[in-house]
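Below are two complexes that have chain A in common, paired first with chain B and then with chain C.
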Partner chain A sequence: MAEMVSLTIDGLKIHAPAGTTILEAATDANIYIPHLCSNEELAPYGACRLCMVEITQGERARLVASCIFEVADGLEVKTNTERVLNVRRLVIELLLARNNKHPALRKIADELGVKETRFPIEQKGCILCGQCVRTCREVVGVSAIGFSGRGITRKVATPFMESPPDCIACGSCVYVCPVQFIPMKEENGVRTIMKYDYPMQKCRKCGQYFAPKKQLEYFSKITNLPLEHFETCVDCR
Partner chain B sequence: MKKVKTAQELKSLQEEIKNSRDPEKPCITICAGTGCLTYGSQKLVDNFRSEIEKQNLKGKVEVRASGCHGFCERGPLVVINPQNIFYQRVGLDDAEEIIKETVLNGQIIDRLLYVDPVTQEKILHEDEIPFYKRQMRLVFGMNGNIDPNSLEDYLAIGGYNALIKVLNGMEPEAIIEEIKTAGLRGRGGGGFSMGLKWEATRKAPGLPKYIICNADEGDPGAYMDRSLLEGNPYSILEGMLIGAYAIGSDTGYIYVRNEYPLAVKNITIAVEKARELGILGKDILGSGFDFDVLIVRGGGAFVCGEETALIASIEGRSGEPRAKYVFPSERGLYNKPTNINNVETWANVPLIINKGAEWYRSIGTENSKGTKIFALVGKINNTGLVEVPMGITLREIVYDIGGGIPKGRKFKAVQVGGPSGGCIPESHLDLQVDFDALSKVGSMMGSGGMIVMDDRTCMVDVALYFLKFLEEESCGKCTPCREGVHQMRLILERITEGNGKEEDLKTIEWMGKAIIDGSLCGLGGTAPNPVLSTLRYFRDEYEAHIKEKRCPAGVCKALITYTIDPELCTGCMVCAKICPVEAATGEKKEVHTIDQDKCIKCGACFESCKFDAVKVS
Partner chain C sequence: MKTRVKKIIDKYHNDKGFLVPILQDVQKEYNYLNREALNLVSAFLEVPISQLYELGTFYKAFSLKPRGRHEMKLCTGTACHVRGVPLMKDNIERILQIQAGETTPDLEFTFETVNCLGACALGPILVVDGEYHGNLSISKTNRILKKLGKKVKIDEES
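And now, the complex of A and B:
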């Protein structure tokens, strides 16, 4: 059992296990902090900067990313100061310039009283939260995609902008994307993610397409079980 | 070189080298730092060497290719000792004459002497030149006395004395206390106490512990770290050895950008020679202390100078910073306690150990001790590296050392602290330069870049330049830095193009604060500084661009026109000849005109007109 620490968030005294982040502790206490790049299945990252909160430790007040900063005894956290809100408003306006349509972003903008971004709309779609890249690396374990470029030219990309050899077509990147930017479809036994095609496997029993072949090969590899073992769909097993 | 096994053996070797050298023997030192090398000084070194052969002077006259002397503006530099005669702008073919006249006959070659631009007086000795006279070259001054590839040279000037002292019975805690008492603060930008960082790393649980020398110098115009690594790599190693011993580390890294080939070469040679001598490796000088250094070359991303990005890069990951809520002293390289300091900071360590914390404390201001090397560049007569005591005024640096502004133009501002530093106006010229004073006026020490600007500099354009740099160098991980700096740059660009809007200034001020507050690392956290500081001191210039669509300094192309004053034009045809697009035309001895449709506003006519007939409005 982890040691418990006590802290205040927006004046509310709460207890949380040491080692949890402010964001986790706040969520458990039903205090809402907006966030886009944080995901409990992934290591703390701190890129979107929406979850900034103001903390006071001793004399000093400063802003920290609540998805990374860990709770500590006597910590005072404020989630809604003017300084905090200014950062969030800037961040959401900047993200709206990349994607001003998605309901998830519009919702956060509404909460912050931001009606429209003052910046020219570049409509890139992807907000670079990195959840896809990190999921592929940390959860799936293949690192089929990554980031390319630097600064404003940064984008989620496949190695050398070619069909990614390590992709198992599992679609995790698609499911995890908070703005549904990565397209995926299945047609005639082929799954297409981004613009790359992956053949599907037919179930040995019912004959229905049910999973990408590369994903099953990957399962076979990491479990050391024969491929045939995976070539029957879950329903028929 | 034979391996030394004890401190005593090293000391004897030092003595042996010192005694074998005759201080009265003529020595020709040629600056072979990157600056002078680009003037061709390697050829000069070769010429001196072959001339010595030719004249049968081998063994009688020393020729030394040294690291950077700092006065890059006047290179190639040659110093002749023991007389300390200083020759500047030396021609590549002057070797023969210098040996015959000066070295052998004691005759001074007049044309190679430095002329004080103020008094027009010719100056004979290096230490009498105003550029050097007002400096305090404690760290950088040794460059001129050693060949960076010669460990013997370093030993001859008392090199590794501090290491001997430390291994001869200074407890690690006492070393840390000494550095803390000295008040040495990080020279790479943060300005954090080096002693406290050492202490934290020593006390942090976990082994091994690592130390890192951050040589990923990337500020435009700043090159003091490069020049130290190139010119005196052994002093950096000595500093690192002492730090490693105090911290309890057995592995050090030097992270140096690959764009610094000479620095990479010289530090690599220095490490190899130190290993040969037994100063790096196992059981150093019989003390039981093991330490070795690895050199890691960086790919040139500016953000890799940020310590967590640098660590990521050493680990083989892409150079992206992480949140520093847990300091590298606790969890750094490979999640182990790690101490990172910049080149110049490491170079200060032997000095403090040798001369003592009290001596070191006597230099500088209350909270900033010792000296700082600045890269003095821009619109200044004496471009170069200057090492000055903390607390010297900007005016002394700009006018006494820097020799003022060229062509008699007016000083406008000095940009201190690298791309995310701030522009300091004339009203603050008497500011006593130290860490705190610089932050107070909206600038920062940074790594010590100092870019001087004259009245023909547009401050909006300057802010735009730095913002563009930072936009390109942002790693792109966090939103405020990646998108915020980008959007800010677009707004500034609009302003310089005459499309600024009234609300723009409010917007960039608001953005600036939020970017500083919201960014993940120091790059984004300081990126708005050039904009905010120019806005603070030169708001009227921004307003002129926005409201009057006018660039007061006559720089922003969209807002200026070049015309020729018929009263002043003599019809000399210089502008017509120099104009690359044939916009400036006219007959000989007739008044010339500029075709505005053709003009690309390059300013060549303006620069070349001897009669000030070309006007910019």
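And now, the complex of A and C:
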């Protein structure tokens, strides 16, 4: 068990293991802090800045991203001051400029009392939270996709903007995206992610399509088991 | 190509921590980040190609398209701008028949604009293959291009 530290969040005394983030500690204590890019399966990242909170350590009060700032003894955290809310409103306005349609974003905007963004609406869809890229890298372990460019030209990209050679068509990136930006469909034994096609494998026993061939090949490679082993669906095993 | 790329990687002891310097060397070797070389780096170092693409598109110093033998960078910072850089830019674009940010089809020239070279007192400035040409004028751009082997029609200004 890790060493415990005590802090206050919105006046509430809280004990949390050292090394956890403010966001985790708050969530455990049932205190809601809006957030979009943090995901407990992934390493702390701090991209969206929605989770800003005000902390007081000693004399000075300042704003930090709660999803990357670790708890410390004697820390005073406030999640709802006017200063915090102002920043969050600005952040959600900026996000709305990239996507002002998605219900997840609209909901956060509503909570903050933001009706519309003052910025020109670009409707890019993707909010660059990076969850897809990080999931593919950290959880799936193939790092098939990444970012390209920087600043205003930054976007999620496949290498050379072509069909990603390392992709195993697992669909994790699709699943993890908070704004459903990456389309996926399955038809006649072919899974299509973004605009790239991946053939599916038919189960050797029941004959149903059940998983992308590339994913099974990947399983076989990392487990060192023969491919046939994976060509039967879970139901038939 | 394999041995050339291998040589670069060996220089950095096969260390993934040196990705950027490795790519810089690849860029120097081929004058751009050529795709085959990137695939080799990816295979040798076991670094996903997505990460190399990310780096290649992130830094201005890298290019995924072949670059010209001569590199020209024109400063469009405020000080240079007010001293007439837009006119010189038009002139260079007209002579090279490309837009800023492009490379001539014969791979002789790459022409780019940059935001400030930090030498405003010398402005307008054009950097040609690392050499600074200050107090630029339209006729000076003509002369420079001519020297580099470009046929330049001399018009009224000069």
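FYI, the second predicted complex is superposed on the first by the 237 of 237 C-alpha atoms of A that agree within 3 Å, B and C clash if a C-alpha of one lies under 4 Å from a C-alpha of the other, contacts with A are read in each partner's own complex, and residues count from 1 in each chain.
In this section, a residue touches a chain if its C-beta (ideal position, glycine included) is under 8 Å from a C-beta of that chain, and two chains touch if they have at least 3 such contacts.
Note that the coordinates shown come from a computational prediction; the quantities given were computed from them, not determined experimentally.
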Which partner does A:22 reach: the first (chain B), the second (chain C), both, or neither? neither
Open item on the list: Looking at A:166 after the superposition, I want to know if it touches chain B, chain C, both of them or none. Which is it: first, second, both, neither?
Closed with: second
With the two complexes superposed on chain A, say which partner A:118 touches: chain B (first), chain C (second), both, or neither. first
In the superposed arrangement, does A:149 touch chain B (first), chain C (second), both or neither?
both
Would you check which partner chain A:158 touches, where first means chain B only, second means chain C only, and both and neither mean what they say? second
Note: overlapping chain A surface for chain B and chain C spans 147, 149-150
Residue positions on chain A within touch of chain B in the complex are 44, 46-50, 52, 63-65, 68-70, 83, 86-87, 89-91, 94-95, 97-98, 118-120, 127-128, 130, 147, 149-154
Per the touch rule, the chain A residues reaching chain C in their complex are 137, 142-150, 157-160, 164-166
Touching chain A in the complex, chain C uses residues 35, 48-54, 57-58, 64
As the complex stands, chain B meets chain A at residues 301, 303, 318, 322-323, 325, 471-480, 482-487, 490, 507, 510-511, 513-515, 517-520
